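What follows is a pair of complexes built around subunit A, which joins subunit B in one and subunit C in the other.
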Partner chain A sequence: MHDAAAKSLSANVTGSSETYRASLLRDRLWRAALWFCGFIGFLLPVAIIGYLIIEGLRFVSWQFLTDYPKGSPLGTEGGIWPAVEGSLALASIGLLVAFPLALGGGLYLSEYGRSQRFNKIVRFLVECLAAVPSIIFGLFGYAFLVVFLKFGISLIAGGLVLALIMFPILLIAVQESLRSVDEAYREMGLSLGVTRFYLVRRVLLRKAWRGIVAGIVLAVGHAVGSAAPVLFTASVYFSKGGLGLDRPVMTLPTHLYNLVSEAISFDQAFGTALILIAGLLIFNASAMLLRRLGGGFTQ
Partner chain B sequence: MIVPMAMTRYHVPEEVCDSPASERIFDIRDLSVTFNGRPVLQKVNVMALNRQVLAIVGPSGSGKSTLLRTMNRTLELTRDARIISGDIHFKGEQLYGNGTDPRIVRKRICMVHQKPVAFPMSIEENVLFGVRFHKNWNGRTKDEIVQSCLERVGLWNEVKDRLSEAASRLSVGQLQRLCIARALANDPEAILMDEPCSALDPVSTGRIEELILAMRPHLPIIIVTHNLAQARRISDQSLFLSDGKSLEQDTTERIFTHAVNERVRDFITGKVG
Partner chain C sequence: MTRRFFSKSLYWSDAALKALSFLALGTGVSFLLLMIVFVLRESSLGSGFTMNLFDFLVRDPWAPMATPPSHGIFHAWISTLVITGLSLLLAIPLGFGIGLFLSEVAPRWVQQVMQPALELLAGIPAVVYGFFGYVTLVRNFEVWFDMPAGECLLIAGLILAVMVLPFVASTAAEAFRSVAQELREMAYGLGVTQLYVMRRVLFRKALPGLFAAVALGLARALGETLAVLMLAGNTVAVPHSLLERGQPLTALLATELGETVVNSAKYQALFASGFILLIVVLGINAVIWILKHHFLERSHA
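Moving on to the complex of A and B:
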C-alpha cells in the first residue's frame, strides 16, 4: 500500500523509473568526465614540478645558487647566481616601468574615458599587443633600443622590453578588475560629493586590488620565464655577476637555453629550471599573501 | 486651488503655495529629463517644505529615482541623461546655476540608496569618508564626529567596541544605518532617500522610520517609497508621480483619503499596481 503509493508518486514525477535510472547514470558519467578534466588541471603542474624536483634537486645547493658558472665547457660546474640576479633585475625594471603606466591607462579607460569609441579602440590595440609573440618584442627591442637608440645589449634594454610585454597584461588586469567593482560603489561614493580621484584611491582600487595583484603575477611570470625577449637585448652567455644598467646580464631562461641547446650539462639545466620554477612559485605565494594583507577590508 | 504653474492637471495644496519662500526647501518647476532622447520626466513640479517629510510615490518606472537624482546633481553622472528644461531651487538658490559646483551640492544634499554599500574600510572610516574629503571638522575631533553620527542613527551601542572592524561584517539593516550616518557626517542640509527600506526586514525598517521622524525637525527629508503604508506613517506631504508626470501633491492625509486625480485614487486604493 505504502510502496504502491511511493511508486506511483515517483512515476508521476519522472515519467518511468527506466528513464529516471538512465538520467541518473548520465549524471554520474557527466560528473566523472568533469572530475577527470579537473584532475588534469591538478596533475599537470604537480607532475611537471615533481619531475623537476626529482631531476634537479640533487644539483641545487647553496653553492649552485651563489656561485657563477665554471668548468669547461663553461656551465658544467659552478652555479647560476649571475642568471638569478639578472632575471630578478630585469623583472624589477620591467614591473617598475610597466605598472605605473598600466595602472594609469587602466584607470583612465575604466573610470575616466568618456568616449566609448576611443575606449574600445585602445582596448582592442592593447589586446593585440598582449597577443604579440614575445620573440617579436625581442626583435623590436633589438632594432629600436639596442641599435637605434644605441643602448647596446644591456639590462636597461631588456628591462624595457619586458616592460613592453607586461604592459598590456597589466593594463587589461587593472581595467577588468576595476570594471568588476559594483556600480553602486561609484554611485554612492560620488553622491557624497567627493572627487573621482578620491573615490578611486579610497574605494575602487581597494576593491580591485585582488584582480590587480593577480595580473602582476601573470605578467611577471610570463615575462621572466621567456628567453625570447631578452635573447638579443640583454643577455650574455657568461657573466661573473654584478649589475649595471648599461651592462648585459645573464638570465635564467637564456642560461637554460644555452645549457640544453649546446648539450653542456643536463644536470645543471634541470637545476636551473627548478630554481626558475621555485622562484616563480615563491613570487606567486608572496603575491597571494599580499592579496590577503592588502585585502583585509576588500570584501 | 489650482496654482498657476500647473500646465498639467497638477494640484498643490494652498498652504504649500502660500508658504513663505524661506520655508521652501525644494521648489522644482517644469522639470523635464530625457534618457537617450526618450522623455522620462515631463514638466514635473515639486514643492518640499522645511521640517517636513515629503514622500514620492508612484508606479515602478515612473521616474521617482530619476527625479531624486536631479535634486542633488547625481543624475549628471549618468552619461545618457539630460535635463532639457526646468528650474530647481534649493533654499532659494539655483541648484543648476552657472558656477555651482555639483560636488558642493552633493555634499549639502545627501542621498541614501536602496542597497546599502560598505566601503572597503573600517566602520569608523566609513563614517568619516566624506569628512576626510570635505574637511568639515568644525573643531570636532574624529571620535566626536563618529560617535555623534552613529548615535543619531542608533548604531553607536551596537558597534562602539568594533569601530575598527571592517564595515562589511555588519548586517544589512545596520549597514543601511551606517550609510545614513555616513551621509549625516557630511553635515547635509537635506536628505534624499531612494527606497531606503526595500532591502530590509520589518524590524530594521521600523528603526529607519523612527530615525526619519527623529531627523525631521532638523532636516528636510524626501523619500521615495513603494510602500504606501510607510508613506502614510512617516510623511507629511506626498507627491504622486506617474509616467514621468507629477499628478498631484498634497498632505499625505488628503492624498490617501480624497485625492483629486482619479489615477492617484486608483493607485492608492489598489485598483492599479
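Moving on to the complex of A and C:
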C-alpha cells in the first residue's frame, strides 16, 4: 500500500531508476519471505494436529476411552480410562487448592494492596516463578511432599504440585481481569458508601469473571498436559482405576510417555495422544471463546 | 478513619476479606519461595556437598554405578546447550519473521487466523511433541542416516524449535506492534521501502522486546523435559555431533530421580543440577521482566 509513494519518491531521491528497481525487487522478495514465514507458522500447527487426528482416529472409540488397559504386556490392548480419571482428578485437586489462594491473592493485589512497591515485588516474584520449568516443580514435590512430608507417590502429592504450578497463572489472570474493570465502577460504588467486600462481590467479580474463567481454563489445560511434575509425585504405570488421595494414579501424559518409551504399543499411543490433544483443544477453544466474548484478560 | 461510617459487622466482613486475601497471597507466594529453598537444601550445595564444584560441572563423568561412583553433569549441560542453541537458531529467525509478518504485512483476516494457530501450537503438551517427533522424525532418521536408533540431539533440537516458536513469534509480534505508528509514517513519507523501514526503524525500536522474545524462548527451551527426554536418546556419553545421542539436564533429572536413594551423593547431585537450572531460568525471567517494564515505560513516553 506504500508502494505508490515509495515509487515516485525513491525514484526522485536516488535519481537512478536502476537502484530504485533493485530496491523495489528486494522489497518484494522480502515481503514474499515474510509471507513464507507466516505460512510456515500456520502450517506447523495444522500439520501436527492434522497428523495426530488422522493417525489417531482409527484407535479411538468409546470403548478405548472407558476401558481398562489390557493385554500382555499390559497396555497393548484395552483402553485408557484410569489415565483419564487420574488426569481429571489431579487437575481438580490442583484447581481446588490453587484457585481460592489465587483469587484471594489477586484480589489483594488489585483491590487492597496500597503499597505500589509491595505489589510490584510480589508481581515480579510471581512472574519469575510462573515460568520455572515444570520438572523443577516435580523435583520439589518429590523432595517436599513425597519424601519429607511422607505423602508417598499419591494423588494428593501430585495434585498439590499441580496446584503450585497453577497458582501463578491463576493469580496473574485474576489480578489482570480485576484491574481491567473500569475504575469508574469502583469510584461509583465507594461513593455510594458500600464496603469493598460488597463492591468486590457484587460488581468487580461480575465484571471480571470471564477473564478469570479463561485463566482457569488455561491453567487447567497446562496442568493436564504436563507430565514432568507428576512423573515422580503421582503416577504409576498401571492402576486398576478407582481413586484415593493416598494412592497413585495413571495420567494421560505419563501413560503416553510410558507407551512410547517402553515401546509397548504405538497404536495405543496414537489413541492416547489424540484423546489428550482433543481434550486440551476443547479447553483452549473455550478459553479463546470466553476471551472473545469480552473478558479483559489476555495472556 | 472513614470506615467508622459503616456498621460494625460490615466493617468486620470487609476487614476479614482483606486479611483472608492477604493470607491467601502469602500462602501461595511462600510455597513458591519454599520451592527454591527446598531444592537448595536437598542439594546441600551450601554445606556438605560431597563434590568439588569444578569436578561436578566439568571433569567427572556421570557414572553412579562405578566404584567409586561419580556424578559429574558435564554431558548433561553440554547436551542442554547444544539442543537449546540449535532450537533457538531455528526459532529466532522464523519467529521474528512471523512477528514481522503479523505486525506489518498480514491482512487483518490472516492475523485473525494466525493468532489462534500459534496458540494451538503453544497448547500442545510436551509429551505429545515428543511422541510426534518419535513417530515422524526418529523412524525416518533411522532410514535416512542409517542409524541403529534414530534418537539424537538434532531431532530434539528440531522439535524444541517448533515448541518455542509460538512464544518467540507472538512476543516479537507484540514488540513490532508497539513501535509508534508515527515513526513508520515518517519513514514512508521519506520515500523508503518497507524493507528499509523494517531494518532501520522497526528492528531498532523493537530491540528490547525482541530481546525479551529470545529470552523467553531460551527459558522455555532450557526447561523443556518430556520432548527432549523422548527424542535426545538419553545416554550419558558426552555428545560430539548433532547426530549423536545425549541427555539434557532435564532428561537426566527425569530419568534418575525415581531410582535414587534420598540424601545419597547422587540425590544431592541431581538436586544441585536442578538448582542450577532453577537459578538460570529465574535469572532469565528477571531479565525478561525488566525488559518488559523498561519497554512499556518507553513506549508510553
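Side notes on the structure shown:
Everything that follows uses one rule, which is that the second predicted complex is superposed on the first by the 232 of 299 C-alpha atoms of A that agree within 3 Å, B and C clash if a C-alpha of one lies under 4 Å from a C-alpha of the other, contacts with A are read in each partner's own complex, and residues count from 1 in each chain.
Keep this in mind: a contact is a pair of C-beta atoms (placed from the backbone, for glycine too) under 8 Å apart; a residue touches a chain by one contact, two chains touch by 3 or more.
Note that the coordinates shown come from a computational prediction; the quantities given were computed from them, not determined experimentally.
Of the two partner chains placed around the shared chain by superposition, subunit C is the only one that A:125 touches, whereas subunit B remains out of contact.
In the superposed model, A:142 makes contact with subunit C only, not with subunit B.
By the document's definition of touching, of the two partners only subunit B reaches A:184; subunit C does not. Counting residues of subunit A touched by each partner, subunit B versus subunit C, the larger count belongs to C. In the superposition on chain A, A:192 makes contact with subunit B only, not with subunit C.
Of the two partner chains, neither subunit B nor subunit C is touched by A:238. In the superposition on chain A, A:167 contacts subunit C only, with no contact to subunit B.
Touch criterion met: A:207 reaches subunit B, while subunit C stays clear of it. Overlap of the subunit B and subunit C interfaces on subunit A comprises residues 193, 195, 198. Residues 5-6, 10-11, 13-14, 17-18, 20-25, 27-29, 31-35, 38-39, 42, 94, 97-98, 100-102, 104-106, 110, 113-114, 116-121, 123-128, 130-132, 134-136, 162, 165, 169, 188-196, 198, 216, 219-220, 222-226, 229-230, 250, 253-254, 257-258, 262, 270-271, 274, 277-278, 281-282, 285-286, 288-289 of subunit C are the ones that touch subunit A when the two sit in their complex. Residues of subunit A touching subunit C in their complex: 2, 5-6, 8-10, 12-13, 23-24, 26-27, 30-31, 33-38, 40-42, 44-46, 48-49, 51-52, 55, 98, 100-105, 107-109, 111-112, 122, 124-129, 131-140, 142-144, 147-148, 164, 167-168, 171, 193, 195-198, 200, 221, 224-228, 231-232, 253-254, 256-257, 260-261, 266, 269-270, 273, 276-277, 280-281, 284, 288. Against subunit B, in their complex, subunit A makes its touches with residues 114, 182, 184-195, 198, 202-203, 206-207, 296-299.
For subunit B in complex with subunit A, the touching residues are 72, 74, 77, 79, 103-108, 110-111, 113, 115, 117, 119-122, 129-130, 133-134, 166-168, 179, 182-183, 186.
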